[in-house]
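I've put the structures underneath this note.
Both complexes shown next keep chain A, but they swap its partner, so chain B is in the first and chain C is in the second.
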Partner chain A sequence: MKTVNHKGWYFVAPVLVLVAFNALIPMMTVVNYSVQETFGDNVFFWEGLTWFEQILRSDRFHAALGRQFMFTALILLIEVPLGIAIALSMPRKGFWVPVCLVTMALPMLIPWNVVGAMWNIFTLPDIGLLGYFLNHTLGINYDMTQDPVAAWVTIITMDVWHWTSLVVLLSYAGLVSIPDAYYQAAKIDGASNWAVFRFIQLPKMKNVLTIAILLRFMDSFNIYTEPFVLTGGGPGNSTTLLSIDLVKIALGQFDLGPAAAMSLIYFAITLLVSWLFYTLMTKDDQN
Partner chain B sequence: MLSWMAWTWPTALLFIGIFTAIGTLIMIEIRHPGGDERRGVLGLTTTRGDRLFISLLGTSYIFLAWLGLVGMPLWTPLGLSIAWGIFCFWKV
Partner chain C sequence: MAKITLSKLRHSYYPNPKDPSDYALKEIDLEWTDGGAYALLGPSGCGKSTLLNIISGLLVPSDGRILFDGNDVTDLAPDKRNIAQVFQFPVIYDTMTVYDNLAFPLRNRGRSEEIVHERVMAIAEMLEVTDMLQTRAAGLSPDNKQKISMGRGLVREDVNVVMFDEPLTVIDPHLKWKLRSKLKELHQRVKATMIYVTHDQTEALTFADQVVVMQEGEIVQIGTPVELFERPAHTFVGHFIGSPGMNVLPAELRGGVAYFGDSAVALEGPVQGQPAGNIEIGIRPEFVSLGDAGLPATVTKVSDIGRHIVVECQASGAKINAIIEGEAPSQGAEVNLVFDQSQTRLYVDGWIATQAQEAAA
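Now for the complex of A and B:
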């Protein structure tokens, strides 16, 4: 009979305690809030599932959710191919490797609120370097504080600038782990560049790309600080993404119940998309 | 001490239910290690824990969809959820 050692569980215990305090207990509190109404002072009134019904049927939530999906889809469509392309064109050995790596890593080292502030100043139409250049030198009418399209272009560009590096670094790590023998075999067979990419590099990058896309999905779906500092959700509500709306409801209006219900729905969406994506990407490996 | 968490009996029962389910799975796992891994009708390789996760995730969507599209009362989605849970542990 096979004996099983359960000592491993003790090593997991500290993590469980940590997760309990920083995720599980707050999460349970949110669930409790979502079925009640409060006016402060820790006094709560039972509301049942009213808030869930209200949020699920509110146009405001649908609009914010739509904007959120559009934002995430756009940045993934840009960042993933762009990141792979940059990783492919980076040198594999020599002096330029560390130069490229450090340059790529720089944007990720900047705190999120600083990125927002930087891009805000950079793109202001009258005093920002880019804003002034576009408006007064090139004569393009660009004002991200007034025009929704300009605001969208700006937050997308900002996110691409900030986070493409993550896809680049992970793809690069996948690329350098491919042994030379694969390329030699491809050369002997006379494989085209496209064939090398499609049948050697892409399959070898699949695992790291899965992680990269998952991270970018979760981060961009939960994004708050950068667009909040850059546009504050405006002009109007045009860049009010889900988390910005959530904070407006929770802290601006102090509607803790609806905010809790909304964050649970938000969580369910993130969980389902992440689970689906991960399951589909790792399905082939299992069988 | 727990007043800030604003507990109510329905939400407490929900969590007791989830933790009981997880606890039961742990007991089964100690008795029969290996997680009863198998390939189900959806083409996924799942363990008992995966099946619980899929049941709970599906349940939350069944209830949310019903609330958003139909509204109260919630007996029908409750029935659907139990059926979904049975299906998950039986076939998935």
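Now for the complex of A and C:
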């Protein structure tokens, strides 16, 4: 017979308290706002699911959600293959390994709002290095404060610059963990470079890539600071991603109810996609 | 299948080796005949894996040539040499089925699917893995994975030599024995030259017709398992092979007679030349017995290891092991050790110096 001992819970208790204070309780206040209406003075009126309905039916939300998915899809499509390619071409041993690793890590060490400000200045048509070069040397009409396409190109480029390193470092970690014997066996088996990538490197990188994609999905789906500093959501609403829109509703218009409802929907989507992706990627291993 | 010749082979991992100690392999000359089963035996770091990687083409030697059937292959890439290698840790392609794993080397060489199917089925049958052909290779147990990596080597009909680099390291003890006999059986069936690298004497002695014993980048002895056991050419071989290893006792030569302490020890035959250097007597514990008269010694430890008893004795400041059967003396007892004369040899600076009895007679 198994003895049952619940004393283990005491050890978990401190973590539960911590999680309660930094996640559960703040989130419950959001839930609280999402079903009520307030006009200030701490007076609340019950609204039920009105805000949720309103958000889910609003064209503004649909548009922001569409832009959000487009942004995340684009950066994943660029950053993942690019990151793998860079990791593959990095040296595996010798003097250049630390040099490459540190260089790769540098963009990730820069605070997010600094990244936004840097790219903002960098791309200014009259004084920015890139903006001036494109407009005055190459003669391309580029101004991200006027042209939505230019704005999109800029925020995508900025994110690729900032975060491809994460994919590179994780892929690289996966690559260096492959024992030499695999490459030697592949050589003896007469495998082509493509076959080595397809049957050795990619399967061995699968776990770290799953994590990399998951992290990049969550981060890019919740991205706020960089596009906010860079474009402020403009021109017009063309780069107003979900989080920027949310802040506009919550702090710009002070519509706490709809903002809370939108936060919860936003959170649910992030969670759902992450869960689906992770489950699909790890399903294979269990069989 | 091919005869393998190694000629004046040397290898160093340093770009500009100067000292002999810079070399991982020091001047190897060796010839392996077609279809033989060979073992490279030696402790970790003795250069056996280096030698193997040079034969397979994963390493290019600093000096010397490798010939397969008289053709120089020193500069050929591994896939051009028609060799197969089985590594210490099973290398399998996780995402493929067992069938695709076995077919991989053939498909890479552009063989038609008919030939692929025929060869894969034949090899699968030989390895007794036919029932798992359609399963994903990732889920297999280590011994089956190792079988599959062997199979990938054997599936090619034109393979010159199959090399095994400590292939049983990660296999459970009770399966080691099974896989070892499978290997022996495979050797008899496919008749390819096989080279087996190991630091485990049992594996080497059971697998190979001929064992090459290496130490610090040098070959110390090449011989059949019996030769290595009975007449080690070097005290290292005596030590390394056998359990416990050969007794090596400090000795002196006075007027052609060997003395251990104050006792004269009769040798198997006359000593060659005028030996100078570090003189030692070597005798295997199997040939030391307890008698009424002989070298006086004190028993320090008795271990019963089942089939026989290992008696550890102390005599003139040296440790001597004896393997006996029957009644064991008690610890601390005074005994007399008798050396079998025909198995008592003299070593000078590690190398054998006595002539064998037949030669002397």
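As a working rule, the second predicted complex is superposed on the first by the 276 of 287 C-alpha atoms of A that agree within 3 Å, B and C clash if a C-alpha of one lies under 4 Å from a C-alpha of the other, contacts with A are read in each partner's own complex, and residues count from 1 in each chain.
By our rule, a residue touches a chain if its C-beta (ideal position, glycine included) is under 8 Å from a C-beta of that chain, and two chains touch if they have at least 3 such contacts.
Keep in mind the model is a prediction, meaning the values are calculated, not measured.
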Contacts of A:Ser89 with chain B and chain C, given as first, second, both or neither: neither
Greater residue coverage of chain A in the superposed arrangement, chain B or chain C: B
Contacts of A:Tyr182 with chain B and chain C, given as first, second, both or neither: second
First (chain B), second (chain C), both or neither touched by A:Trp275: first
First (chain B), second (chain C), both or neither touched by A:Thr38: first
Partner chain in contact with A:Asn5 - chain B first, chain C second, else both or neither: neither
Touched partner set for A:Ala191, first chain B, second chain C, both or neither: second
Chain B versus chain C as contact partner of A:Leu56, first or second or both or neither: first
Residues of chain A at both interfaces, chain B in one complex, chain C in the other: none
Contact footprint of chain B on chain A as seen in their complex: 4, 6, 25, 28-29, 31-33, 35-36, 38, 42, 44, 46, 49, 52-53, 56-57, 265, 268, 271-272, 275, 279, 283, 286-287
Footprint of chain C on chain A - complex, ascending: 179, 181-182, 184-185, 187-192, 195, 199-200, 203-204
In the complex with chain A, residue positions of chain B that touch it: 3-8, 10-11, 14-15, 30, 33, 39, 43-45, 53, 57, 60-61, 64, 67-68, 71-72, 74
Sites on chain C touched by chain A in the complex: 53, 56, 58, 77-79, 83-85, 87-89, 91, 93-96, 104-105, 108-109, 149, 152-153
